[in-house]
Amino acid sequence: MTQAEIRGEAPGADYTFAYLDEQTKRMIRRALLKALAVPGYQVPFASREMPMPYGWGTGGVQVSAAVLTPEDTLKVIDQGADDTTNAVSIRKFFQKTAGIAVTEHTGEATVIQTRHRIPEAPLTEGQILVYQVPIPEPLRFLEPRETETRRMHALEEYGLMHVKLYEDIARHGEIATAYAYPVKIEGRYVMDPSPIPKFDNPKLRMAAIQLFGAGREQRIYALPPYTEVVSLDFEDHPFVPGKAEGACALCGSETSYLDEVIVDDRGGRMFVCSDTDYCAGRRAAGYRGEMAAEEGGA
Amino acid sequence: MAGGAAMGIWAKKKDQAMIELSGVAKSFTLYNQGGAAIPVMAGAALSVAPGECVALTGASGAGKSTLMRMIHGNYLAASGRIVVGGLDVAAAEPREILALRRHVLGYVSQFLRVVPRVPTLDVVAEPLLAVGVPVEAARDRAAALLARLNIPRPLWDLSPTTFSGGEQQRVNIARGFAHDYPALLLDEPTASLDPGNREVVLELIEAAKARGAAILGIFHDAGARARVCDREVDVSAFAVAP
Amino acid sequence: MRAGAFRAEAPVAPILSVRGLTKRYGGRVGCEDVGFDLYPGEVMGIVGESGSGKSTLLNCLAGHLRPDAGEVLFDLGKDGMRDTLALSEPERRRLARTDWAFVHQNPRDGLRMTVSAGGNVGERLMAVGARNYGAIRASALDWLGRVEIAADRIDDRPAAFSGGMQQRLQIARNLVTGPRLVFMDEPTGGLDVSVQARLLDLLRGLVRDMGLSAVIVTHDLAVVRLLAHRLMVMKGGRVVETGLTDQVLDDPQHGYTQLLVSSVLQV
């Protein structure tokens, strides 16, 4: 039992709405407004200690806390799934601290916090997608000095970004970067879209607001609705949004992003939609994959 | 042929001097020996017309090499005028002297100074490349000169830095005659050469005269001097007694 | 025809004009009141002992150090002579990766050691907008050939190269965008004598074929004799003598230059 329940109060009454104090939320909102005003630009913010370790989405949680209202309906996904430990924990965190409604359905949510995926179903105006970001600086692995990367952004010196793609092709025959694939925003800032698969890159131009929070690195950046997002490439090696060949074993989808699942000790495997809500929705609508009967019979 | 065309510009008439010195003086200041200026030459004057070969004479130490070096811009004249092809070397900017050396004034010194590891053929072709002759044509000309000066073909692809003194001297001559300079300075061109190669060098000098080059040289070889030189200038007359 | 070429060479405008360049470190003089003109295709050597101010001067010229006084005028083509010290940072950085190049003594300072040889050469091309992989790679291969690095090393990292190869790679990386002015800081320092000779020959050829202008700082008089058209001798931050390279070395006019020249070991 929580202390609030012992005292007979409503859940979450011990906490300021959505955990963070109002001054902190104002500070984050100011950073968010600046980030929206300068799409792709990394705005520094005073990241707070959160009751979870770095790497568990402290940046995304702080951004969500700053944008949530009591009327919101929250969905949290981790690699597309609503039912993983990380997603469940964060959902419960906001249920407890904000007392808001939660959902697993993409269409019903007003705020969606995500780690490493964009939902399959197109988002709509009025929705907010909050990304958890581990390393916001796309130039970091090429240029370790923050002073230098900031100058490179300021002066639009992005040749180095293409050096990385060049190295990919030279080594692997193609651009091997499969996630966190760098993009250019409105012809200005080069941005790391967080470790989403490059399959999701074309969806970055969308109707919803996209907010990116990096807690450990203390950076916030954002994309307003319908912002132009171009994946970097070469003329003779154009960007290709890749995915595993095959169809979802459960819902039969051939167009969604698939996870590979090992099903036994003999190397047997299957592909399933990474977006669990999307997959469930298709099955509810009657779509069936090759292993769906088995599942239904079990 | 190219030399003839060049001549037309640098020396309009055969009797106009290609190389002309007047009132040239030279002194050396040795700072680590008290810093006093030691005058070695004063009032030096001479002129060389196109197609003419003039020999510098005088005892060893009289200043023949010093005078040659001043004309080449290697030594700085203390005063006076040293006009070569219309340029006063004594007052010219480095880049003007370098352009003069590239196009107008050739110099066959007694010492070969080259970048190590550069093949002999390229060493000889370099003066031609420097004036824009295409690589193939430059190499052909270099090969012809090396062959004429009896440098064995297997040596052409080696650096001349490892060659014998006589071979180096011939590479130096080939390099000096690669481009048809309107003016040439020759410092003992026939020294340490066997009779056959000596004959080749004298023929080269005669050919250069015939195409109109103005030549100033130091020849200890009296026979050679008598054969190719039109006049002699004794530099002892310019020497300043120490 | 050659005659015309000679005539055309003489009356051209300088590509770089330096006036009254002064840099002090507190009370100590880095370099003082240095001025010179550098012409297209000209290679100038700056010699002097350690602490003579030659590296300070080079870094001031290249925009790595901010001088306390003076002008560094560079011919920007259509914009004419501009004081590079008065350029905005983006303009100066653009200059540094297009018309200018800087070859460091230690190739590690001028290369990306974790990026392949091809990527190192291609970076400047990509920085100025090249977006065709095939073309970038072809350029990289061409340049590796020009600096005598085998084509099959294009995907190796410079860490796997010898010191001489690293230095040649650094030169290729710098020259790929066809700069007009190259700054070199002891380019042959730290290399074996035989490797030095090869590098010198290479640099001579590139300077001649590309019509490069260059400022080379070195304490090695043999290097400047072979590479530089003219010399500037520095002592205590001041220029004590300038002139045609062989003239300064063979007939030095200043006491310090005489000492410098006479201090070289003969082989």
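Think of it as A, B and C in the order they're written, each chain with its own count starting at 1.
Note that in this section a residue touches a chain if its C-beta (ideal position, glycine included) is under 8 Å from a C-beta of that chain, and two chains touch if they have at least 3 such contacts.
Note that the structure is a prediction, hence the values are computed from the model and not measured.
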The chain whose C-alpha centroid lies farthest from that of chain C is chain A
The pair of chains with the most residue-pair contacts is B-C
Between chain B and chain C, the Cα-mean centres are separated in Å by 31
Chain A and chain B have mean C-alpha positions lying a whole-number Å distance apart equal to 78
Cα centroid separation, chain A vs chain C, in Å, comes to 48
Each of the following residues of chain B touches two or more other chains, namely none
Touching chain A in the complex, chain C uses residues 89-90, 93, 97, 112, 115-116, 118-119, 122-128, 131-134, 136-137, 154-155
Per the touch rule, the chain A residues reaching chain C in their complex are 142, 151, 155, 157, 159-160, 162-163, 166-167, 169-171, 233-237
Listed in rising order, the residues of chain B that touch chain C in the complex are 2, 5-6, 8-10, 28-32, 35, 69, 73-76, 94-100, 102-104, 113, 115-118, 129-132
Residue positions on chain C within touch of chain B in the complex are 1-7, 9-10, 39, 42, 194, 197-198, 200-201, 204, 208, 225-226, 229-230, 243-247, 250-251, 253-255, 258-259, 262
